[in-house]
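In order of appearance the chains are A, B, C and D, and numbering begins at 1 in each one.
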Amino acid sequence: MAKLRWGMIGGGEGSQIGPAHRLGALADGMFELVAGALDHRPDVGREYAQRLGVAADRAYGNWQEMLAGEKGRDDRIDLVTIATPNSTHFEIAKAFLEAGFNVLCEKPMTMTVEEGEEIVRVAEASGKICAVNYCYSAYPMVRQARAMVRAGDIGKVRLVVTNFSHGHHGDATDADNPRVRWRYDPAMAGVSGQFADCGIHALHMASFICDDEVKSLSADMASTISSRELEDDAMVNFRMEGGTVGRLWTSSVAIGRQHGFDIQVFGETGGVRWASEQPNQLIYTPVGGRTQIIEKGEGGLHDEVQRLSRVAIAHPEGFPLAVANIYCDLADAIRGETRDGLPGASDGVRSIAAVHAAVASGKEDGAWKDARPPMFR
Amino acid sequence: MAKLRWGMIGGGEGSQIGPAHRLGALADGMFELVAGALDHRPDVGREYAQRLGVAADRAYGNWQEMLAGEKGRDDRIDLVTIATPNSTHFEIAKAFLEAGFNVLCEKPMTMTVEEGEEIVRVAEASGKICAVNYCYSAYPMVRQARAMVRAGDIGKVRLVVTNFSHGHHGDATDADNPRVRWRYDPAMAGVSGQFADCGIHALHMASFICDDEVKSLSADMASTISSRELEDDAMVNFRMEGGTVGRLWTSSVAIGRQHGFDIQVFGETGGVRWASEQPNQLIYTPVGGRTQIIEKGEGGLHDEVQRLSRVAIAHPEGFPLAVANIYCDLADAIRGETRDGLPGASDGVRSIAAVHAAVASGKEDGAWKDARPPMFR
Amino acid sequence: MAKLRWGMIGGGEGSQIGPAHRLGALADGMFELVAGALDHRPDVGREYAQRLGVAADRAYGNWQEMLAGEKGRDDRIDLVTIATPNSTHFEIAKAFLEAGFNVLCEKPMTMTVEEGEEIVRVAEASGKICAVNYCYSAYPMVRQARAMVRAGDIGKVRLVVTNFSHGHHGDATDADNPRVRWRYDPAMAGVSGQFADCGIHALHMASFICDDEVKSLSADMASTISSRELEDDAMVNFRMEGGTVGRLWTSSVAIGRQHGFDIQVFGETGGVRWASEQPNQLIYTPVGGRTQIIEKGEGGLHDEVQRLSRVAIAHPEGFPLAVANIYCDLADAIRGETRDGLPGASDGVRSIAAVHAAVASGKEDGAWKDARPPMFR
Amino acid sequence: MAKLRWGMIGGGEGSQIGPAHRLGALADGMFELVAGALDHRPDVGREYAQRLGVAADRAYGNWQEMLAGEKGRDDRIDLVTIATPNSTHFEIAKAFLEAGFNVLCEKPMTMTVEEGEEIVRVAEASGKICAVNYCYSAYPMVRQARAMVRAGDIGKVRLVVTNFSHGHHGDATDADNPRVRWRYDPAMAGVSGQFADCGIHALHMASFICDDEVKSLSADMASTISSRELEDDAMVNFRMEGGTVGRLWTSSVAIGRQHGFDIQVFGETGGVRWASEQPNQLIYTPVGGRTQIIEKGEGGLHDEVQRLSRVAIAHPEGFPLAVANIYCDLADAIRGETRDGLPGASDGVRSIAAVHAAVASGKEDGAWKDARPPMFR
């Protein structure tokens, strides 16, 4: 099977996100990097792309050049990944979709709900894929959790509780560090700090596993380091369309938590829980029964779980291969398979709407807000 | 050292709480059970008390008899434990305090804030001890956590996050079981279900470790099993007097959680966490440093921790000995030692006020409420 | 039910083992301490016994006085606990058994196999109970493991693997500390260091859960701190009468292990494992199935497990209450109930024989030795 | 940087090991698959190679063709991976080394010690790399453990204890399954079953982390499923050249263990432990101090650890990326960097010598044997 042609915007040398995407795209041999505009400094980006094996004529100085260049080619890229600063996602994604390219966009997909809805419309009109990188949902055991919920293994879902806490921004003496500071500065980060950064992963996962959408929410946003304008800690209560009660805590000042992203889903006949630091197990308890450990790679898991596992039981697969699973699904989808586990533009805009709802709620002492973008109300 | 004389009201044969108190009171040889009114059926209670070694003339048919009988004796009991149905705590505690007895009252201390404030006043006027059985705060490593916070080991506390979740009421087919049903019936349980039952343990512990008091709160109360009038799941956001942000989740429908009571406290220079299912360790992380495991029994712990540990490092001590620690502190306090770790009437009334504030908030879509009893505003 | 009368030899003020026995004996209100010879210094022992509530005439200066005094009383003690230095266990246990007292002896029961066999014969002739304090076998979930093995839940047992490792003697600069040094000095500790101290607990537990006896063994004994004459680390391979393969590692230089006592039992149709630092869970895996967590206090456990649990599911019970379970079984046995979980003199002598076999094997480069006392060959 | 040219022998469609190697070699973009003889059925192998993107003229029918074809090319492969049945490793590796190719050989490198020594000599004479795929040693935190030992962080190593247990061959009713049976059949597996399959990974890791070599050993080999000729459970005691005491348990009938590969190393001033199911943490305890959790990705780790980590702290990296680390080291070594963490032919022959020594010891009731190949005595 010929490899798909892949291009990347952003994710240049020294970025954290670039290597994760390259590893994800290349690991399974489904994609080949053939084009790139990797840095906001044109020369730097061109040079780095060539070092990564991109031909000189497809090592572009910026995304506009890349769009122009690729549009005209017969061997144009099959997929573009957008890993640029958040505020630029909208215009780049829109332009590439309109030109008929498949897109994988880093989260948050856009800064405003209006932009997000626009992307949904453009993607739909284009007939192209617009995926958003909620990569944690591609861990095999997260897929297993969703499959179990869909199969009714825990009955109607009553309650979902999810956390995404870390302590890496907990040192106030480090608050002026530019890598930390921008996150809490509205000029750079938009309306929300920690909730927009990490909380929306948790919110998406709640929707993903519960196979339902967030309808309304109430938020308590706190800047526990007082010099911060945006929140570094947030608690969001929510309700889903189907009535499920939701609780989501996210924090960047939880000193001692490294990557405390976990989720618990409780239904009428059982519960499941999963934690990102031990991603290869899913913990399941049937009502009235004993807690069981479900292992990635054991017999009898749902098909899509087996499809997204590479090595034998109890051989851990980690974060980079969760990203790779997004790319596997993308490759399949580009080739025409239905891959409904792939987070899309509607997921992207729902997250943005939830962020804005949470911020509004926080400012009104936790008043409940509609969490949906207008187009989905 | 002569044993102290101990009496008990309630906690008869077949109750869960009676054995825990007897084990707690007797384990360290500090108390001797010499009087009791153990059952609402006078004959049953008298007979059981005698089987437990109480002399016939001090095996009472009800608490009024016991009060009358003990009041007149030179060898009157040094302490009475009240382990009767919740709605009776107030009048019994009040009567015994007024008669000059030291009291250990099960939680909740009273049903209303007014009653709670009355107990505080009566206790103060009597000069006697009125303790409330927030026994989890007597685990050695919880005491260590408080001592570390007080010593400044984690700096000023920014955030406290605590959960008390279990799934033992998660089976809707079991909802008519009388042992479960009463908890969600306002006629028997009062204004709150799960929050009043378990949540206040977590709320007390937050105050206890942070060495601060809850000032205001906002609550989201949910009956995830729709036949329940009172909540089986609650999320409470709060603020402490010193500005600390608080998050508390409690649930009885979290299928798969057995006794999911844990707490995380995050300060300016570190964080600690503790979980009731592994009570002999405290997890500590200094800001910028590695996570460390502090073991009960290791060298260098705070004095009150060593005092409340009985066996060598890594030999676990469990729940019954946490209750025993309450009785150790009581014995010391009765003999005149200062034991400021002992939860008292003011803690009792603060809990009741928080329950009523949470219920009110829940009814007003999470509006923030003063969580304090009027006397402490 | 009247309390049983209890006496204690050794376990004076400042000892580690005295408090554990007192807590164990008193916790459930089954015994009352009425006699004692608690210290090798007669006056100190008498004074301390009286402080613990023993009457002056039963606060003895040494065990011979106690034997003489108790023998002549109508209200003689129902049980004597022997918690003196190891080398004295034999003569004290023998004398009390011969005089018709029930005995609980600390481990090791004796120093030599001959002495151990003598105790077995004396106990049998006396018709009295001679229990040995292998207290870890009294944890509820250890009893559950044995009951499951007996019920065939894991099929015929193929393999048992057990460890008892700690690192508390790992600091060579502390090697002259008298509390550490005696353990490795043959003049005080006998033929074996760490294996006799901790290893025999693990060996007993293997027999206990597998419901089988050790037949032969091969040992590798090492003094990793070279100044030690006796081993601080040992590996023992063994075979049981029924053919089960056994592996036992024990160490006192395993820095970072606190109380690393655990056991895994593997049979034809399943496996179970248990660890002393999380004693309230038993991990069970049926062949071809998922690993399950069995919780102390859950429904459906074997009767003797429920009998030895005091508080609700997921409320941990720790080491002191395992000791208390030994006393519960003793109280029942004294009253005539059959309590076959109680470790007895035959267990005691088997341990001693295994120690001597391991030492002999170690000296002969791991040659296999009969591990049984001659009387059981 | 141009990609290195890579070829593979064995690891065809449906094999477990092929995908692990391809993922490992391709993940970081260092190698490109340009040649292959992937299947013992020539046509099948050729077809599959082409599906993986290999040009038709380099899709070979067998390794002899591949050797002949590649030898003559200017763009010959830079590395060949040998993932064929164990008994063929020797002749293939020897032939490719002699022809001047770098080799990565699956374990066991050879079947006999003589063959192993021959490979060492051939590799040395060729000046080429002969690596052996002890991939677990390439987990970042295993490298950190070795670096800490080398830096003296735990002092002189006294004791190493390692296990590699699983239960996937524990079902006797599955014993005729060809995927299981061959492992215990000397005609196919050679002299050893479980020890040769899994145990040598543990033995290598002990040497790797301790930075020392195994000198002598004593083994207890057991076939707990009696129909098996070769052992399914083994305990190996050993001594290292530097005097370190070693213990190694390996089992394939440990029902409930999935991939129970872990190691503990205890030195004069501290201990470390690591487990393959949670590979991203290393647990470290300084003597007299608290246990600490060292996280992959935290600041201050040794350089080679940072070099082999791809994503941020607490984002797990799993088994496939440990294999990828072997390929990273290989790529560097091919380019002339010194990569002393790469297991080589001497490691390969040492393992074989240890296997033969263990088998001999097992047959002589655990007699101690020299574990070294003659060339290293």
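Worth pointing out:
The rule is short, and it goes like this: a contact is a pair of C-beta atoms (placed from the backbone, for glycine too) under 8 Å apart; a residue touches a chain by one contact, two chains touch by 3 or more.
If you're wondering where the values come from, they're calculated on a predicted model, not measured in any experiment.
Set side by side, the interfaces A-C and C-D show unequal numbers of C-beta pairs in contact, with more at C-D.
Comparing B-C with the candidates A-D, A-B or B-D, the pair whose contacts agree for more than half of the residue-numbered pairs is A-D. Averaging Cα coordinates per chain places chain A and chain D 35 Å apart. Averaging Cα coordinates per chain places chain A and chain C 55 Å apart.
A separation of 42 Å divides the Cα centre of chain C from that of chain D. Shared interface positions of chain B, defined as residues touching 2 or more other chains, are 291, 295.
Those residues of chain D that touch chain B in the shared complex are 290-295, 298.
By the touch rule above, chain B contacts chain A in their complex via residues 154, 158-159, 161, 165, 167, 170-172, 218, 220, 222, 224-225, 233, 235, 237, 245, 247, 249, 251, 253-257, 264, 266-268, 270-273, 283-288, 291, 365-368.
Within the complex formed with chain B, the residues of chain C that make contact are 1-3, 16, 19-20, 22-23, 26-29, 51-53, 166, 168, 258-259, 276-280, 295, 310-321.
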